[in-house]
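The structure under discussion is supplied below as structure tokens; questions concerning it will follow.
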Amino acid sequence: MIKFLNVTKQYQEDKMALSDMTVNIDRGEFVFLVGPSGSGKSTFIKLLLKEIDPTIGKIKIDGKDITRISQRKIPHLRRKMGVVFQDFRLLQDKTVYENVAFAMAVINTSPKEIRRQVPNVLALVGISDRANMFPHQLSGGEQQRVAIARAIVNNPSVLIADEPTGNLDPETAWETMKLLKQINRRGTTILMATHAKDIVDMMQQRVIAIENGKIVRDDQKGVYGYED
Amino acid sequence: MAMKTRTIIYSIKQGIKGSWRNRMMSIASITSIASVLMILGIVFMIVININSFSEITKGQFDTIQLDLEDDLSDGDMQNIGKSVKSIDGVKSVYFLSKEKALDNMKKKWGENGYLLEGLQKNPLPNSYVVELMDMRYADEVVKRVKGLQGLEEVRYYKDLVEKILKITDFIRLAGLIVIGVLILISMFVVANTIKLTVIARKKEIGIMKYVGATNWFIRCPFMIEGMILGVMGSAIAIGVISFGYKYVFDLITQKVYVMIAVYMVPAPVFIKSIAIIIAVLGIGIGVLGSIISMRKFLRV
Amino acid sequence: MAMKTRTIIYSIKQGIKGSWRNRMMSIASITSIASVLMILGIVFMIVININSFSEITKGQFDTIQLDLEDDLSDGDMQNIGKSVKSIDGVKSVYFLSKEKALDNMKKKWGENGYLLEGLQKNPLPNSYVVELMDMRYADEVVKRVKGLQGLEEVRYYKDLVEKILKITDFIRLAGLIVIGVLILISMFVVANTIKLTVIARKKEIGIMKYVGATNWFIRCPFMIEGMILGVMGSAIAIGVISFGYKYVFDLITQKVYVMIAVYMVPAPVFIKSIAIIIAVLGIGIGVLGSIISMRKFLRV
Amino acid sequence: MIKFLNVTKQYQEDKMALSDMTVNIDRGEFVFLVGPSGSGKSTFIKLLLKEIDPTIGKIKIDGKDITRISQRKIPHLRRKMGVVFQDFRLLQDKTVYENVAFAMAVINTSPKEIRRQVPNVLALVGISDRANMFPHQLSGGEQQRVAIARAIVNNPSVLIADEPTGNLDPETAWETMKLLKQINRRGTTILMATHAKDIVDMMQQRVIAIENGKIVRDDQKGVYGYED
């Protein structure tokens, strides 16, 4: 379902953020993306979202080369994917409820459906009692959970998460992982960039390790694999 | 279609919410819009009144005077009057006897009027004063009139009228240019204001794009927000300008010099036209301003 | 003191960097400032010229005419002239002989001048035309003059002059009000623009406070940024207004009606005063705008 | 050096973010602040920085009650403390170098001293090669390291860090911890809110555990102490 073909991304002359990367992720997989800080994980995700375009190479999603689609098709591409950003990216002037409802309104969900679905998702990530607060009134972990709620509310076919447990305590982090696993079981492809060694080791899923923009390891049922 | 309606309702709600939540910025934008429109209104007021003044002044010279020979019979004079009246472009003709003319002159000269008492006989002729429908007919009428019998002289303030016409035209043109420039400037100011609003919400727009919102879905609430700002800005400007004009008009009528008021455009007429202009401009500026200033940020 | 100097150098560097890095916003602010100052310039231009027109017109009636009795000797007349000249508030006195007066009248009446040929004898008196230093002295001078021997009549266009004075005063007042309102409005527009700039950088200001920056340390670069914006906005406005006025002035002088130019403020004079006004306002607006609009965000 | 006396913070009617907290931190201590998401860690830190004021109670720093100091004294209070924020809070229109230099310029350091010191600190946190980039051009981990560099550049007497390793890979995280320990050895008091169980367990320092705004545990040489 997701194919990177010899993708290179160079932000600046001297250094490559990704170099000649080829990788294939099938529908329904659960993939961890690991690697040191600055290795290129977020760049990989930004390419998938067409936030940036590769310097060289092709990226195919559902068989379509997204480096070639027109500006107008981008919103429809993005609707297939739910995303949890490393910096949350919540709408600051909308409440928690509205942030989630907005993602539904965007794809033309009926108000009735929105009113039914939003509370469910907020309950799922455990922030129902914060529904009417604004992002700046939330703790870091709470904001991260709102971001997760927004990402899953439309039942996307791919869920992309950049460091979704970075601001969570271990317990909440584990609950989030259980949630992701559950979503994965319903057939959603999951791609998660993380530094959480414990979680990666425990989950026993595919692990793609990147270093300096290159894939250095790609194991089914892998482990985090960097030593302290 | 149901989709579209839903989007529109959503946009209106969001637009209203948006302008309320960003109250401070909304107030800033509204006052900017109102200020610029007020300035426009003031200039419009100045120009329209100078124009009105010129028009009225011009009208007072807008006649041809036909001096009759001294020895015509009443019948001859009446015939001349009828012939003149039948010429194309003549609006009215009235007879001015030599006695009346001297009288007028004495009045006009005021304090110097006593000088005319020293005259042995009335040197002024009987005459017809011809009012034209429009200055354009002047030359033609003068030519036709000159063919008539019994006229001593045709007096026509051609040079003066043409000078006044030239000045009026100039003022009208200058006024239009100034107003045009002001509209452009105000568009600029408002587009800038809204652009700043949008820059401040750049991140927000980016986020919407990442969630999969189409450009129109993002644009609509901003446009409605722009419209709300435009409407409110216009309303304030219309209120202030209308009230201000009425106040000045009344002040001039009562306190300063009643005669000036004759040359001024009456308050209701002015208010009606300025209100329409300001409303159209304000709303147009609000909506266009949003669209123009968002262009850059939709490319994410 | 070394501390302060360092802060100032730092602020100037940061101010320049800031306005360059936020290029888009800077351009928006500069055009807004320039636009508003241009509008101000245009209104100033209109008001100052109407004022100049009134002043010059008024000046033409600003005299007292003393008609002398018919049978005075040259010595008597000269004595009267000297006495009048010595009165407080009299600027100059000149003698107008009865022949010259009739001549002037003939010229003034133009086409109607021939009427005066019919007079048996010159009915006009010899007279002194008294120019005053200022209208305020009029009543006093008239009273003193009336005590002199040999005067037939003291003619003084008091009503007319007072009407013109009233109108001139009104225009001057209205002009001042309009300019005052415009300055306020432009302050508002610019303060809003800068406020929006500051809102967009609210986060930045917050961060500075958390790093331990004092309010002045944060404010200074913004003030200098505001000053840069003000200077550039003023420069544009001064350029456009100066060029525009010169163009209009030349156009009027050459094309429309030379006589109007007499009533207009000459280009160099206008440009000099408007340049100073715009520069002071622009810079003041820029700096004050920054200070005012930052107040809210410094309380973190 | 830091004293909380019966401090209560209530953002909203119904719920207390901190309730009746009394705690004492001495000069030169190294303290971990742990607790589930939303327990009040960031609130504790914001109170120290006088970003917010307590609803009830006193907060003393160096014997001075900071709830009572005038607006004008706040900058001087903050200069005693270096802070790493959970959301980094870097100046977006300044480069990495300038972000760090700014913190020095604020306290009137001479340009010569700034030019000498900034490169040292950037090298210390390992981002020398990013010196001329803007924050949005950095990876999450790189931004976090810039934040750390800025916090320590002025040799503050207290270093406060809210989740300073949340976006770092384990290796970089450990290097950061070594750095903090080293700074602590020079006499700087360190207060660090974190969810990183491994790190807390390994470091053997004082651990203050907060839950629902109350201190539930305060151990010298403590452990993270929450079970998965």
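Chains here go by letter, A, B, C and D, matching the order in which they are written, and residues are numbered from 1 within each.
Note that in this section a contact is a pair of C-beta atoms (placed from the backbone, for glycine too) under 8 Å apart; a residue touches a chain by one contact, two chains touch by 3 or more.
Please read all numbers here as calculations on a predicted model, not as lab measurements.
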Graph distance between chain B and chain D, where chains that touch are linked: 2
Greatest separation from chain C - chain, by CA centre: A
Centre-to-centre distance between chain C and chain A (centres being mean Cα positions), rounded to whole Å: 66
Where chain A and chain B are represented by their mean Cα positions, the distance between them in whole Å: 61
Chain A and chain D: spacing of chain centres that average the CA atoms, whole Å: 28
Touch-based graph of the chains, sorted into line, ring, star, complete or other: ring
Complete list of chain pairs which touch one another: A-B, A-D, B-C, C-D
Parts of chain C lying in touch with chain B, wherever the complex brings them together: 24-25, 28-29, 31-32, 35-36, 38-39, 42-43, 46, 105, 111-112, 114-116, 118-121, 123-124, 155, 163, 166-167, 170, 174, 178, 181-182, 185-186, 188-189, 192-193, 195-197, 199-200, 248, 252, 256-257, 260
Contacting residues of chain B [partner chain A, same complex]: 3, 6-7, 10, 18, 21-22, 203-204, 206-215, 217, 299-300
Touching residues on chain A, where the partner in the complex is chain D: 11, 34-38, 41-42, 86-87, 137-142, 144-145, 162-163, 166-174, 195, 197-198, 224, 226-228
Complex contacts: residues of chain D adjacent to chain C: 49, 51, 71-72, 74-79, 83, 85, 89-93, 102-103, 105-108, 110-111, 150
